[in-house]
């Protein structure tokens, strides 16, 4: 019964089908713009790219407490990671820098004792790498810091850990809440690109690929 | 009246089947119109279809819309992809290149047309489905079947009509 | 992907090279190579090996054409001396590298856009995007694209040779096309430095490895958009023009004054190379 | 480019920021961008210098030791690794430019075949030993020799100069020996002798840029002659503006010949006659001839010279006319002229042209006397090789030190050097690589590469004022314990004269002391010794002015004999040097092996250049293997048919045919030096390298000759290299 | 005797019973001749060779099969070959369908299958020839996470679009056309086959409505397929014609490619026709008369191809482009001359055998000729690619390259792969269209009876026609 009845419903399916296709067509027209290349006029902090990464807990030779140094003692990130504004790599601070303070401060703590041991043996601390980009990627800390920190007059005057850390946090997460660093951002190309689009970074492949 | 019965007559050749349908058309069975007739056959046969009368087919509208969608949609899609992928400046050519986009849209028009034709076919022919309950395997061999949906009262006259046209086999069932 | 992008800038997206294109050039790196000075000594080529992590392939593979020299010195003999007993003058040397064409035939054919035109006017090759279809090489009239037929990282740099590898450049693995980049890593450093110091790049601030090495200074490198650069002046002196300087068709670009020495190789193909050669000078002593 | 002050060795103590392996691509599978954390180690610095910034390259000045020209270099160092060498713009030699051999310095340094441990011959085999043992053995053996016969100790080196040469001299003095043999295959010893005799100075300055015409008799000044990179920079000036004319006469086209405006294929061994023929033509046109040379010049009228040399009289007269027309000119004689039995006479004939044309004083000027005789270069030659072989054969030596040369490879087999070495009881080889000589050694001492070592050098050819170029390490030694050459010498000296050298910890402090004790006149005023030292290292050189003298023109009598034909060995063998592999010392550098020869474009191989007519006579074509036989041996090489070689000559490039020189050099090609006859240049005692007669026979074997652009020598009417006439050039660009 | 000849001249016997058609065709699913299995084994061996070669190439790199400047070689040549082969399937199934040439009916099914499978084979080559084939999907314009798209300008990405469209369309076309036959198969099989066919036939039961829609949809698809086939090979030719290389940058390439494609495809149909006829004992369906028709078609296309070939040479010659002329001259006289002249012989001279009726009807000859024609066509593809690569603008990089064992291995492997796909198909699916053969027999029977009746001049009604050839009063 059903078969024959439906056979009689002559043109309806055609209308329905056409309607659906036209709606789809309209949807394509109405597709929203995703790439907004115009950067905001004044940037304090990078518009952080979206995405998260479930990073592993990395066992470091010394469990370095970023939170104590930054959140409690209010030491500026760039005080230790001093190469970041001068080179493409941010760099791990040399042991001499640690010892600059820790030859007098908190010398009795077990972590500091560990550190002193390395220092006395004249061995560099074998830190494990947490954040890395592939070798075919050219990433410079100095230019990113220039754009987000040093090109911003207001910030230069009162450069403190609380003004610098949010900039670093765009890629490294907020280290004020971590002990040892943990990778919590995906650091993938799409992630980089989304940030470049939002903040007006270069869209040229060769800006980043070498 | 409610149609409650279904009956299948199998015929040995198209002439008989055609004549049977013409008889039905001529209202040999009261209350049964040609719209209640389904013909099942191993090959397509224009004569019989003529007897059944005009039953419009809508698949071409699907094809048209699908082709159009493929053409316009893919052009917009490709052009907007090019417009937001600015590494595209190449070989001194414009970002949105009409020639290549035309080639691709052309292909996509065909793909859209073909796919929507398929959809049209499936929708129009109500496929996929289970085979008809009265379906006989002889139809796929060499016999032609006529399925009628009937009221109880029309059964006998239908059978008679079939027999008049040298029906080879009659099957019937009660519709649920 | 968005239609808004498309509708906003429609007219610019439709610009080809004749109308200026959608390039937004920041620089146009270019060269001038003086064949009067070139002595064919190979210094540029070896400097390129050292700078750009070019793999040494060995005799067997070289014989199959698997060589990787981005900069090669071609040596031609005069055709008019084909019947003479001795060549009564020297050879014609031609340093051939990627011409960084403005209308590069290699670019539009790459299926994945691994090669494209940068805002610096370079033909970029993005190694990690490349899938190795080799179409670009097929379409390159100068045959200056080199393909990694094998995996070289292990074979070409046995330890400790790998310590020499330039960390600013990817070491290409098998299946990737590569070519001269005008030492983009040096350009990048120069641009970064200039940007850090809030200034423009100065002419002569850096140069490519080949130009740096050339004992006779036959290779000049610089920014063709910088009116004051030595290269721009050389191009102007020899009246060689880029396409979109004036959007001139090739026939009018071609050298009008026979006294000038500038020309570009296979110019008639309309590829708009960024490398201008200065004609070799021939003493008529024979 | 940053040239930061260097403080002692501290910068070397850096640990790599990223391991070198990390530079490798990751272009292969997988291409996922997430890199797992915690896998790699970041090595942090312990206590870095202020100027060391990871990720930023620093340039240091040093000196290139790939040949003896003494080019200044800048080396790029990043994260403790030397990455790239470039010319030092301050160096008067190369003015910031660097040839391919210099560029390859990094591959000499990082060569995978470098020796890392000393080796001692035990039971006939070289075995690895510790450094302590090595020094002990050395002390014992040399000590024993010093006690009995210090005079029987010899140093056999390549060209050395600076404090290295001084220390070698002092070591020999301490032992009471005078045996410092200095050997180079590629040398201009005969030319130096002629210069000394005619001009009064062995190596005057050549003002190529002042010359309007250069006539070169086989002097490949763009490729292998004296100071090629310097001459190439000068050549650029010579060719610009009014554009000088370059005429080259040689039996086999060299790189210089390949850039000539007029190339003359002269019959091998007759260049002197050609020079005299030109002199005759000049004389006919009114140029005066020094009296002593008059008979010789008169004997070679152009027609006669044409008969001998194969260059038409018309051509000879044309060259003479050109010389007269373009003044001042510069006439140079190279190895093909000098490496004959009458090479001195022939080179004198060439020098005669300079004298006649008045070039002396114009394009040939005095370089003055270098003020420190002990630092002056001991320039290499082949006379010392002959002498050393003879001394060895005569069992006149007990201990021999070898450094900077590989005589077992370069000595002709006919000298019997390999057998002679058996007679030297203790042979010490200071080398970076296991080479053929090291294979014969009793003790092999690996030395630091030129990028790991300190040093001072004085180039034999000083283009402007005299300079001492400084060599400083660009990075920490790859193999701990490996001493620099200077350190090794100091150590040897301390074994003999502990009190005299005990004050110096190492060669570094020795050099520092040497700079500090420089006579005041050479020190810039107002600098402390430390500042002077730092400034010197930063510049890479120290200028020591010397007053130029004046050149003489003492042309002596010239007697040239006819070159006789040899029925059995009809061809002249030309062991042609290559810019690249040089005398074979760079055969283990993959870049240079893979760099096509400038002329033939052959890679990774030896070949024999044959004129098409000769090839046709022998019935060979390109790729056929021929056997080249001299009276002293035979080699097999593939044929390269080439018009740029005289039909009477067969040219085989130097550099290949190594047997024990590492993975890149071994088993490739053949060494033409092996079959040279021991003929001696009559006046100077040099080996007549170009005087060997050979015959070539086909072997029937055919192998592909691997070369670039293999199917084409012409442009097929495409406009690839376009030419313009010189007149037009001078009209529009001449200044 | 005369009778038999007449019989043979018919495309198909008109007195074939429909039930016999069913059983004859369905038999192909059961018991082919031994030769079928030998062929399967042969294909497996070829495929194994191909896989070995590909694995080696994957492990060690493209250097095993390519060099500079021969960046493309056998792979792309074979790619074009397979793409080309697919075209005549469309010719038979779509073009001839539209013009109602009913002799196509017994043979179009396998021809369409050939289209689909040669496309699937062709599709392998652009992937195989990639230096980094594990990244081949970057050519597909999926919405990317990295903000990157493929380059829509590249003829190679057009290839991707075109081939995917063609593959989809022709596979659908094949499938849709097979629906009624799948229903027949469903009704005549048991076990897993029954399940398979039940699923695939989608419940087709042959109602008049289904037939109407089917007829229209099938015709629409056929109409789409024709421009598609032409555009696909034009796009493949764009890989060359859109480049600037001498010998490639030729405006006549699209029609030249299309004609070459039809040519090789027709030749392949002859080969497969003969094979299937042999394997499944289908002498009744794949008759010599039909073979003759395809041969005539092949001959006509061969002449078109020859003409276009000559036009191409002539236009290069008269165009006086020195680069193009050099390539042409090198083809004719250079290292590749033997290959070039073999191609000319196989492509333009050999087809004249098709002009003779005796030869057309001689199965072994036709088998040999059809294979040689395809060899010629394969050489043509190679001669399109290699001479230009070896001798282009830049004389310094001129070089002749002969294929390596690895590339031969992969080329052979592709034949194995195609063979396996095809043989599997014909073993599982009815490769002669049963319902259409029924139609064909039915219509021919009607026509002949009408003609007979007219001849006999006997008036009155025609005798009732029985589909099953049963006596009307028999049961």
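Each chain carries a letter (A, B, C, D and E) given by its place in the written order, and its residues are counted from 1.
Methods note: contacts are C-beta pairs under 8 Å (C-beta built on N, C-alpha and C of every residue); 3 or more make two chains touch, one makes a residue touch a chain.
Since we're looking at a predicted model, the values are computed, not measured.
A.B. asks: So which chains count as neighbours of both subunit C and subunit D?
C.D. replies: Touches both subunit C and subunit D: A, E.
A.B. asks: According to the touch definition, list the chains common to the neighbour sets of subunit A and subunit B.
C.D. replies: Chains touching both subunit A and subunit B: C, E.
A.B. asks: Where the centre of all protein Cα atoms falls, which chain's Cα centre is nearest to that point?
C.D. replies: C
A.B. asks: Going by C-alpha centroids, which chain is farthest from subunit E? Tell me that one.
C.D. replies: Using the mean of the C-alpha atoms as each chain's centre, the farthest one from subunit E is D.
A.B. asks: Among the chains, which one keeps its Cα centre farthest from the Cα centre of subunit B?
C.D. replies: That would be chain D.
A.B. asks: Could you let me know which interface, A-E or B-E, is made of more C-beta pairs in contact?
C.D. replies: Looking at B-E and A-E side by side, B-E shows more C-beta contacts.
A.B. asks: Based only on mean CA positions, could you tell me how far subunit A sits from subunit C in angstrom?
C.D. replies: The separation of the two C-alpha centroids amounts to 36 Å.
A.B. asks: Averaging over Cα atoms per chain, report the distance between subunit A and subunit D in Å.
C.D. replies: 54
A.B. asks: Using Cα averages as centroids, what's the distance between subunit C and subunit E in whole Å?
C.D. replies: Using C-alpha averages as centres, the distance is 45 Å.
A.B. asks: Can you check how far apart subunit D and subunit E are, centre to centre, with Cα atoms defining each centre and the answer in Å?
C.D. replies: The computed centroid separation for subunit D versus subunit E comes out at 67 Å.
A.B. asks: Where in subunit B do residues touch two or more other chains at once?
C.D. replies: Touching at least two other chains: 38, 55, 76-77, 80-82, 84-88, 90-91, 93, 120, 124, 132.
A.B. asks: Could you pull out the residues of subunit D that touch at least 2 other chains?
C.D. replies: Correct list: 22-27, 31, 708-709, 712, 714-715, 717-718, 720.
A.B. asks: Specify, in ascending order, the residues of subunit E that touch 2 or more different other chains.
C.D. replies: Residues 135, 147-149, 151, 153-154, 207, 209, 393-394, 396-397, 399.
A.B. asks: Note which residues of subunit B are touching subunit E in the complex, please.
C.D. replies: Residues of subunit B touching subunit E: 12-16, 38-45, 48-49, 52, 55, 57, 59-60, 63, 67, 78, 81-82, 85, 87-88, 90-91, 93, 97, 100-101, 103-104, 106-108, 110-111, 113-115, 117-118, 120-122, 124-125, 127-132, 135, 137, 139-144, 147, 166, 168.
A.B. asks: Of all residues in subunit E, which touch subunit A in the complex?
C.D. replies: Touch list, subunit E to subunit A: 144-147, 207, 209.
A.B. asks: Mind listing the subunit C positions that touch subunit D in their complex?
C.D. replies: Listed in rising order, the residues are 35-37, 39-43, 45-47, 49-51, 53, 56-59, 62-63, 67, 69, 72-77, 79, 82, 84-94, 127-128, 151, 153, 156, 158-167, 170-176, 209, 212-218, 258-261, 263, 265-267, 277, 279-286.
A.B. asks: Using the touch definition up top, name the residues of subunit E that touch subunit C in the complex.
C.D. replies: Spelled out, the residues of subunit E in touch with subunit C are 60-63, 66-72, 126, 129-133, 135-136, 138-139, 143, 148-151, 153-157, 160, 239, 242-245, 389, 392-394, 396-397, 399, 401.
A.B. asks: Okay, in this complex, where on subunit D does subunit A touch?
C.D. replies: 15, 17, 22-27, 33-48, 53-56
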